[in-house]
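Two complexes, one shared chain (chain A), two partners (chain B, chain C).
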Partner chain A sequence: MMNHLERIVAAVQHTKPDRVPVTPLSINRSLRVLGYTTRSVLNDSGKMAAAKIAASALFDDDAVVAGTDLFVESECLGSTVEVYEHVPVVVDYVIKELRDLDKLRVPDPATDGRMPVVTQEIRLLKEHFGDTTVVVPVTCGPLTMASQVYGPEQLLIAMIEEPEWVHRLLDLCTETGLAYWKACIDAGAHALVALEPLSSGTIISPDQYREFVGPYCKRLFDLANEHGRVPVNHVCGDTEPVLDQMASLGAPILQLDYPINMGTAKQMVGDTVCIAGNLNPIEYMLYATPTEIYWACRDIIGQAAAGSGFILGAGCDLNPRTPTENILAMVQAAKDAVYRDDLSIEFVQDSYLPLDVKPPRFPA
Partner chain B sequence: MSSLRASLRRRLAVVVEGGRESASYVGSGGQPSVGAGSFPPILVVGGFLGSGKTTFLLGFAHWLTDRGRRIGILVNEAGAVDVDGVVLAAEGHRVQELFGGCACCSLVGDLRPAVEALRDWGAELLLVEPSGMADLARLAGLLGSRVAVVAIVDVPRLGVIARAAPRLVGAGVARADLVLLNKMDIASDDDRNAAGRWLDEVAPDCPRREVSADTGVPDQVWEEVLRLLD
Partner chain C sequence: MDEQTYLEGIKTAVVALDRQRTLAATQAALDAGVEPVSIAQDGLSAGLLVVGDQWIRKERFISHVLVAAKAVHEAQALVEPHITGGTGKSAGTVVLGTIKGDLHDIGKNLVALMLRAGGFTVTDIGIDVPPERFVEAAKESDADIVAISLLMSVCLDEVEQACELIRRSGIRAKTLVGGPPVSDEVAAAIGADMYGGFDAVTALQSARELMSRIRTAA
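Let's look at the complex of A and B:
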């Protein structure tokens, strides 16, 4: 049997994993395994690592996510971030006018804000797990970081009215991301996720993605690749209009949200990248039953797992109230799906099939 | 029944002990059932930053106050109602904040508990003002069947906004039950005509009304909004 890291690597390389890999995206949710809230451990590397280790043992999934949120970088740049139980939020954007941009400087990951907290968490996780599982921090993509420095709607307007200033801001955010990514790499991260919710196809157009997202994310991905680490490109919402662009940026894993049909994504980009996802984190993972989740995951596996290059997971970060039974149902669906030598899938059992209930089916 | 078949019926028991979770397999059992529950009628007020949705929401809240309605207000931007929220609370309403800049991901998971809290407080009607970045269709879907959406359109700035976030703004208006073309007091004829053409394209069947929230919304528009919740 493969260990977690070997299983993910096989999926990324489109070779044969022993069974479908699974990463439910239990980021803040993992903290609850030891009874912590995000706010209570935000500056405590030891508690964060302990909770992630306990969650890994409980869920038995294939990756451990370091960090708690995507506000670390913008907080270092000077925005004021507050955490309400588990949701960090910017309560004051550091720049009110784009011309104030010159007042900002690229943070030092060794000393500034929560960057040292997360990199220390990575070290602790790497020390505990070695190369048995994937240690992967979540970080903020450049466009989303820019929105946390200036305001999301203000930024979108500026993309039309003052594009040259937006590019200058994006350059600073990318430099910030590069410094943070290098520190995470030095701390031992196997992979790094760039979270880019603002670049969702639900919000911006493919042309905007091409101009304001792709070139900047690519610089982050290039850095990870140069150091032999795996960059992961995550965009929330409907990304089908930009899927081809996302696949061309050098990140071998695209982590996709629930609006995408994984079969369609597999057809579009599955030959070149590994796709991960994409069960609805709220309507299913938070509110559905374990049986419903198990069978919905099997539907997704059926759409996209054959041929390797697939990781089962939620479409986005799980809510901290997500029931443990639901996460375990997702993991079980992956464990029940083994790869044959021809990289087709065989379901070895129906763990969540009550004898008196027909398996539920859901629209894609 | 074979032992294999029995094993297929296994279920998980999750135990929380001393704040720490653990899990073990147990025999088959019933499935948990989690539903949206029953909520009071909900009005979602959507619109881009600066469109006037907070002004509209506060105006509607005051109009309802004058008619003796007990309302709950849910906002998801820090400081969105600010002092006005205090005023509303003093008038007997409850204002609850739901934080987060982007209403995707885990934030929407907190939506139902927040609405349930306002329902349990005794709200007859709920007014929800999401962030301008919210996916209105998804939010409305999570809130059950007694939901109406009013989209506020900033007519003078629509040309820029529709280019800045084309899919977001277009999808929000397409989900709306009523579109309010706001700031008509300062809109030019060109602005009005351009807004009309844009709406003909993205939401041709949605009723639309011209207003100026700053200078006062006519009673018949408030009444029309209220009828959406019947």
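Let's look at the complex of A and C:
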């Protein structure tokens, strides 16, 4: 049997994993395994690593995610970030007027804010796991980072009214991302995720993605590829309008959210990239029963796993109250889906009873 | 120029996302004696509703809606001093806020824009609003609807509490809950009167439907 890392690598290389790999995206949810809240531990590498290690043992999924959120960079750039129980939020944007951009500097990942905390967590996870599983931090993509230093509404308006200025801001955010990614790579990360929720089709147009997201994310992905690490392009929301662009930036893994159909995504870009996802983290992972989740995962596997280049998961990170048995159901669905030599899928057992005739509470 | 041409000019400027032209056309209409209420509703709001429809049809995106809204907002500042007395019949009174624990306001702000463009009287009580404050504000404005926005699913519990509190308080306001974590099923599960939709244009449609339900029941 393969270890977690080997399994993910086989998916990325479109060769034969032993069975479907799975990454439920348990990030803040993993802290709960040791009874922590995000607020209580986000400055403590040791506790975060311990919780992620415990979660990995409990769920037996194929990656361990370092970090907790996507506000590390903007906090270093000077926005005020407050931590609510489960999630940090920006309460004050560092840029109030356009000329404030001139005052910003690229942070030093060795000393600034929570960057050293996350890179230390990566080191601790690598110490524990070595190369048996994928150690991967979540980080903030450049456009989303820009919205956290200027404000999303203001940025969306500036993209139309002051595009040259926005490009200058994006350049600074990309330089920040590059410095942080380099530090995470040096700490031993196998892969790195760029979270870009602001770039979803729900918010920006494909032309705006082409102008304001693609070139900047590509610079991050190029850095990872140069160092032999795997960059992951994660955009929540409806990404069908920009899927072809997302697949052309050099990230071998695209993490997709629930609005997109995985079968369609597989047809569109499945030859060139590995697609990961995409069960609804709220309607399914938080609220549905393990049985409903198991069979919904089966559906997704049926649509998109054949041919390799597929990782089962949630569409976005799990709510901290997601029941353990729900996560285990998703992992079991992956374990029950074995690859044959021709890369077709064989369902070797039904670990959960068939759904009765009542349809799921929250249809996909 | 007749009144209709002035109003069309304003509407076209908004749809063109041209702030300068919107301001100029608004001022020209005011100077020509066009009714200020007409300028606001049939010029500015009408233009914003067109952009909202374009957004729903995915011809345009949030950036465009925000730029149009900014033009309308600035032009409305020119018109407001000229509006004496009421603005005519309101489509309904709404108290609007983002639930406690959630600091996102783009969605809520877009909802406020669309509701106002649609003739609703909106009291925007901001972000991170605790359940009790929704009840308080609804009492203060004798609201028809309490509209609760959320982006973060972790805040659903608070929304449920708000709906419960509103029900128990005896005020007449109905609850409309919207945002990405919500759906018809989720709205029903947490005790909201209606799902407000994923976006601001659907919010306006939902608010209108809720108002007609309220009027039918009355």
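Criterion: the second predicted complex is superposed on the first by the 353 of 364 C-alpha atoms of A that agree within 3 Å, B and C clash if a C-alpha of one lies under 4 Å from a C-alpha of the other, contacts with A are read in each partner's own complex, and residues count from 1 in each chain.
What we mean here is this: a contact is a pair of C-beta atoms (placed from the backbone, for glycine too) under 8 Å apart; a residue touches a chain by one contact, two chains touch by 3 or more.
Values in this document were obtained by computation on a predicted structure and should not be read as measured data.
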Superposed partners chain B and chain C on chain A - clash or fit: clash
First, second, both or neither for A:L328, with chain B first and chain C second: first
Contacts of A:S200 with chain B and chain C, given as first, second, both or neither: first
First, second, both or neither for A:L58, with chain B first and chain C second: first
Partner chain(s) touched by A:G113 [first = chain B, second = chain C, both, neither]: neither
Partner chain in contact with A:G177 - chain B first, chain C second, else both or neither: neither
Partner with the higher number of touched chain A residues, chain C or chain B: B
Partner chain in contact with A:G141 - chain B first, chain C second, else both or neither: neither
Touching partner for A:L318 - first (chain B), second (chain C), both, neither: first
First (chain B), second (chain C), both or neither touched by A:L286: both
Those residues of chain A which chain B touches in one complex and chain C touches in the other: 84, 86-87, 89-91, 152-153, 156-157, 159-161, 203-205, 237, 281-283, 286, 319-320
Sites on chain B touched by chain A in the complex: 5, 7-12, 14, 16, 18-23, 28, 31-34, 48-50, 78-79, 97, 99-102, 104-110, 113, 132-133, 135, 142, 160-161, 163-168, 171
Chain A to chain B touching residues, read off their complex: 28, 32-35, 54, 58, 82, 84, 86-87, 89-91, 147-148, 151-154, 156-157, 159-161, 197-198, 200-205, 236-237, 257, 281-283, 286-292, 316-325, 328-329, 349-351, 353-355
Chain C partner contacts - residues on chain A that touch it in the complex: 84-87, 89-91, 152-153, 156-157, 159-161, 203-205, 208, 237, 241, 281-283, 286, 319-320, 361-362
Residues of chain C that touch chain A when the two form their complex: 17, 58, 60-64, 66-67, 70, 101, 103, 105-106, 109, 152-154, 180-181, 183, 185-186
